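First subunit A sits with subunit B, and in the next complex the same chain sits with subunit C.
Right, the complex of A and B next:
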């Protein structure tokens, strides 16, 4: 293959680097109006009444809307996937709160005005009579009897309750040669795309047609949802995704403002735009990863794990149509990650609180699973004295174990975990590092080497879901001139998968990549597809592109075989030519074949061949099991990329500052289509992982007020904090995709969590630190050092 | 989102600006670089009725040598200080402090006078000004006065400036021949406000060390003692720092006290 596997530069790079992309806020149809959203100032309050009369009279104001109108005229926002098979509860969430606000920032009312400033100014004139209710702010308090309730109809605050027991954990603990127990906690974080959320709707009553531009990851599912919420036929909704300035999962679900904007555009007969402010994004865009893990592990003297008990408590915020709560399920589902562990007891409690709902964020819970499991392995290493990588080698699932069914129902597709860790160690050379560490320590520099594994199951497919499915569609069209159009159902939020599509199509067709144009993000142009999430674009969309392009090539071979008087099986396509493999002189161009297909449909080469060169394929991945009653399991992730990671940090012992000097990763996402773009995705994933491990934290106070609504309070890493990356790949192809791809979009984000804990501990061996709580901000690291020094003296 | 209507004045003469300030007083906010004011207005933390922009005033963006002092206009931007050869030669700590503020865009907008008048306790310039013994030239419609940097800062974002007064110029005495100076910031990520910072000036037989970020306003520790034989701090310095940090409260109090000591040690070490 000429392009697949090559570092082809991103096709849209120059447009974006030149600042010439078109984002939602760049689109200005005539007659444009602007929506501003009034948000609850309270974590939990009953809305007794809303007086909009003053706001309606304010200058420039066209309309003021409240929850009652929404309830009377629209349906609730559908769940992204059915909560029931996951043991979760249902809520009915509308575009505006109906009678109760459940977190600071939940949408209470909206103002449409001629300009954005008038709309925001008029918010101040809406008078809401709130009755403050007791907020639920701590997930463990929320589980106690008598706690106030986020959803009174439920009777408790438990959103998901799921347990499993495999083997006999009690016996394993009774017979153990050693045990450890503890609690680790991952922090509440969010994705912070550079472009916050935003959308624009315009309605033509004569067509009738609702045109909707959204900074979304999945235009087709959004169309389904808008049609359902607004009670209009789906074929009268046209969703367009312009350039998107980062999604990271936050733009996957349908959020309140999307149907609100669409409803108002229809109602007012004028285009309505909503562009989110950064503080709104922090308050309402969706959070992630806030989870406590109570663990106990039983093991033999050599560190072989014989039993594991885990209690997972996830603070998922207020239940909503954002699909973030599923992350707690995926954390549970991914455990116990890489390790055999014959006896397991795992209890999951996903708890509703009066905080911003969780929303899908890169990692989607797999990050937290890797974090806790790797912390447990490090703890066992300390308890047994068995070196930390040896512990992992002792407990790894072996390369012959695949496909490997797991206690949660997951089926790991393929992998070579010891191979990745060995390759990492060969690269990092821990012995050499130890010598450097020793000599630097004598100079007062504390360097530490961290080691971790990271597991990122991909290609999520949830039963009964419009949005989360293990398939996608592509149309490949060779035009009458021989140019190629690839129309995909997967989208790119700036991650570059369009370049991979072009590579796959060019190779399958045998044409030059310069002839290929990729079109995404438009429900009137592209075939049905589910968009971008769960690293699925190349897994599903790339496979569909491969299948559709292969179908078109086969048709071109049929035509060419007649033109060349050869058998189709003798033909090869390369460089825009179709020729007989054994005689390169007997050739036709793809352009010439296209002429036959379109301009000579009744000619001698086209007899009994359908005119035109176009194919649409919907690729469906296997290794997904949705019928427990027939198949005995529920398995939602078909591919299982993973990585072994190491990092070197310098710890400032006096201040607790941690500097990441090196970050090495041996990554396996199967066949890599484009190493350059795969590496670029890893750069982003690792950087977000480092950010969440060292700097980022959403903070709420005891009243449920968010304390981190700006980048002054919520620090994310800059280019200066990004370490030197050393990226190595190991390719264990997926047996379930035609090209062996597994997905790389989320990879990298989970490794830093344990790797940084482990590196800091390694830098200060005399203190025997055991870090359990993220983020590792300087004050937290300093406090841990002080505590250890105090305990030692 | 700044949604309220407001009056925007862009005077070109200092006298016009002072007259406007005199007229509107508390209702007005002065706009220098806007790197603090604009975010605060976006978050509706301040909602002024009048904005008086200083960006069109002539002559406030100069860096001038004047005998024994340097005169820096209040509208000198951070990047000017960071890149000025004269500042780098005479007050390298000020150039260092300016170079570490925010990012390139911020440094091209943000101003010396704006940062000082805003008086965020963690701002880089505050400690530098206190260590250098700068004097602030302040004007109002009614007259002029000079305030010592050491007296200027009163509390978090609170200074001796009256509502009618404008900080016009910063006057910094030249350092004695052979003097050394250093600046140090400890920030979580590049460009963020420092958790703590310190500025030190050594010369003429004394060492002046200002510390910021840990207390509501910067504090100054000076000593005439010689350094200890190992090149470390004279004993009276850590004691003075501890005394200045005594009233720090809150969950991170111990950490902030520790950072103050570390900053002082390290900034002094940079003098060597």
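Right, the complex of A and C next:
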């Protein structure tokens, strides 16, 4: 293969470095109007009445909308995927609150005006009569009888309750040679794409046709949802995804503002645009990862884990149609990650609170699973005195264990975990580091080496879901001139998969990559497909592209075999030529074959061959199992990438400040289509992981007020906070995709969580720290140091 | 209330009438359709709206449009006018894949150009501090730092035809 496996430069890069990308806010059609959204100032309140009369008379205002109109004219926002098969509950969430607001920032009313200033000014004139209700902001409080109810119809605050037992955990604990227990807390975070959310809708009543431009990851599913909410035929909705300024999962449909904008565009007959302000993104754009883990582990003296009990309590915020709550399920589903633990008890409670709903965010719960399991392994290492890497080698699932069924119903596809950790250790050389650490410590510098594993199952397929499916579609078209168009159902919010598609198509067709153009993100042009999430674009879309291009090539071979008087099996395509493998002189160009296919439909080479060169394929991955077995488990993830990571930090013992000096990763995503772009994804994932481990935290007070609404108080890493990364690869191809690919988009984000805890502990061995709570802000590290020093003296 | 603002943008004199509340970023985007100037926060943190104002980079969300009367403003549209004549910093960002979603990129490129003007041979640490006012959520800054190192090398070598060499996206390593 000429292109697959090569670091082909990003196809959109020259457009983007020139500032010529078109993002949704850059689209300004004539007659454009602007929507501003009035948001609940309370975490929990009944809306008694809304008086819009003053706002309606304000200068520039065209329309004011409240929940009653939405309830009368639209359907609730459909769940991104069906909660019922996951044992979860249903929620009826509308584009605006009807009679109750459940978190600060939930949309209560909207103003459309001629310009943005007028719309925001008029928000101040809307008078809402709120009756404040008691909020619940702690998930364990929310589980207690008598707690305020986020959804009164449920009778409690439990969104998902699942308990699975494998083996005999009680017996394992009774017979254990040692046990540990503890609590681990991962922090509430968000992904903050630098482009906030936004959308624009325009309605043509004559066709009729609603055109919707959205900073969304999933145009086709969004079309389904908009049609359902607005009660219009799906084929009268056209969703276009312009350039997207980062998604990271957080731009998956459907947000309240999306149907609201669409409804108003139809209602007013003018284009309506909504562009999110940054504080709105923090309040309403979707949160993630806020999970508490109660763990107990039973083991032998040598550190072999014999039993594990885990209670997972996820604070999913207010229930919504967004798919973030699924992250709590996936956290639980990914456990106990890499390790063969024969006796496991896992209890999951996903709990509703009066906070912003979770929305999917890079890592999708696998990050938290890796974090807790790695913390448990480190805890056992400390308890047994068995060195931290040895304890992992002792407990790893071995390379011959695949396909490997897990307690949650998951089936791991392939992997070589000891291989990755060994390769990492060869690169990092812990012994050499220990000598450096020792000599630096004498100078008063506290360096620490952290080690961790990270597991990231990818390519999710959930039963009963419009959007989360283990398949996708691509159309490959060779035009009458021999140029190639690749139209995909997957999309790229900046991740670069369009370049991978061009590489795959060019290799399968045997053409030059310069002849290939990739088109994505348009429901009227591209075949049905589910968009971008779960690192699926190359797994599903790449495989569909390979299949569609292969089908076109086979047809070209049929035509060429007649032109060359050879058998199709004798032919090879390369460099835009189709030729007989054993005699390169007997050749035709792809362009010449295209001429036959389009211009000579009744010609001698086209007999019994369908004219034109085009194929659409929907690739479905085979190793997903949706028929639940007796405990109700099913297998929803077909590929299981993973990584072994190490980092070196310097800890300032006086201030608790942690500086990351080195970050190394041995990563296995199966076959890599484009190392340049795969590595670039890893760089971003690692940095988001470091940010969430060291700096980022969404903070709510006890009244449910969000205290972090700007980049001043929710600090993400700048270039100063991260080093250059050291990336190494191991390739264990997926047996279930035609090219052996797995996902890479979410990789890197989970590793830093434990690696940084482990590195800080390693820097200060005299204190025997066991860090259990993220983020590791300087004040938190300082407090841990003080506590340990206090305990010692 | 509207006021007249005379300003030179990307080398062209502009006479505009703007609402006094208008931010520079909105004037550039909406009145002049210079949509490379992006809005990520409007609190001066993210740097997506970075432009060059009288020789210095500023965050155009933190400048009132009426305050730039008589000034010179450069956006990335003023750095190069067609894909065949990119600035060496832009070429380096393509070669090292210093962009992913592209939303921070125009501001990041202008910050880099400004840095290399004042410090043609920056260390890695100086580069990192030089772009620390510009947030990127995709790249982890790794390839951005490589791009700026590469740009500095190209600009120091001062290849006479550096600006006219076509660097195509999608190019295959040779």
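For the reader, a short list of remarks on this structure follows.
Note that in this section the second predicted complex is superposed on the first by the 788 of 793 C-alpha atoms of A that agree within 3 Å, B and C clash if a C-alpha of one lies under 4 Å from a C-alpha of the other, contacts with A are read in each partner's own complex, and residues count from 1 in each chain.
The working rule: contacts are C-beta pairs under 8 Å (C-beta built on N, C-alpha and C of every residue); 3 or more make two chains touch, one makes a residue touch a chain.
Owing to the predicted nature of the structure, the values given are computational and were not obtained by experimental measurement.
Contact with subunit C, but none with subunit B, is seen for A:724 once the two complexes are overlaid on the shared chain. Of the two partner chains placed around the shared chain by superposition, neither subunit B nor subunit C is touched by A:307.
In the superposed model, A:695 makes contact with subunit B only, not with subunit C. In the superposed pair of complexes, A:117 makes contact with subunit B and with subunit C alike. After overlaying the two complexes on the shared chain, residue contacts for A:716 are found with subunit B and with subunit C alike.
Comparing subunit B with subunit C, the partner in contact with more residues of subunit A is C. In the superposition on chain A, A:745 makes contact with neither subunit B nor subunit C.
Of the two partner chains placed by superposition, A:775 touches none, neither subunit B nor subunit C.
In the overlay built on the shared chain, the residue A:482 is in contact with neither subunit B nor subunit C. Of the two partner chains, neither subunit B nor subunit C is touched by A:638. Shared contact residues of subunit A, touching subunit B in one structure and subunit C in the other: 117, 277, 710, 712, 716-720.
Of all residues in subunit C, only 19, 21, 29-30, 33, 35-43, 45-46, 48, 75-77, 80, 83, 86, 90, 93-95, 97-106, 109, 124, 127-129, 131-145, 167-173 touch subunit A in the complex they form. Of all residues in subunit B, only 1-5, 39, 42-43, 103, 186, 188-193, 195, 252, 254-255, 258-259, 262 touch subunit A in the complex they form.
Contact residues on subunit A toward subunit C in their complex (touch as defined above): 3, 6-23, 25-26, 28, 117, 191-196, 243-246, 248, 275, 277-278, 493-496, 499, 502, 513-514, 676-677, 680, 683-688, 710-712, 716-720, 722, 724-725.
Those residues of subunit A whose C-beta lies close enough to touch subunit B in the complex are 36, 116-121, 123-124, 277, 279, 654-657, 695, 709-710, 712, 715-721, 777-779, 782-783, 786.
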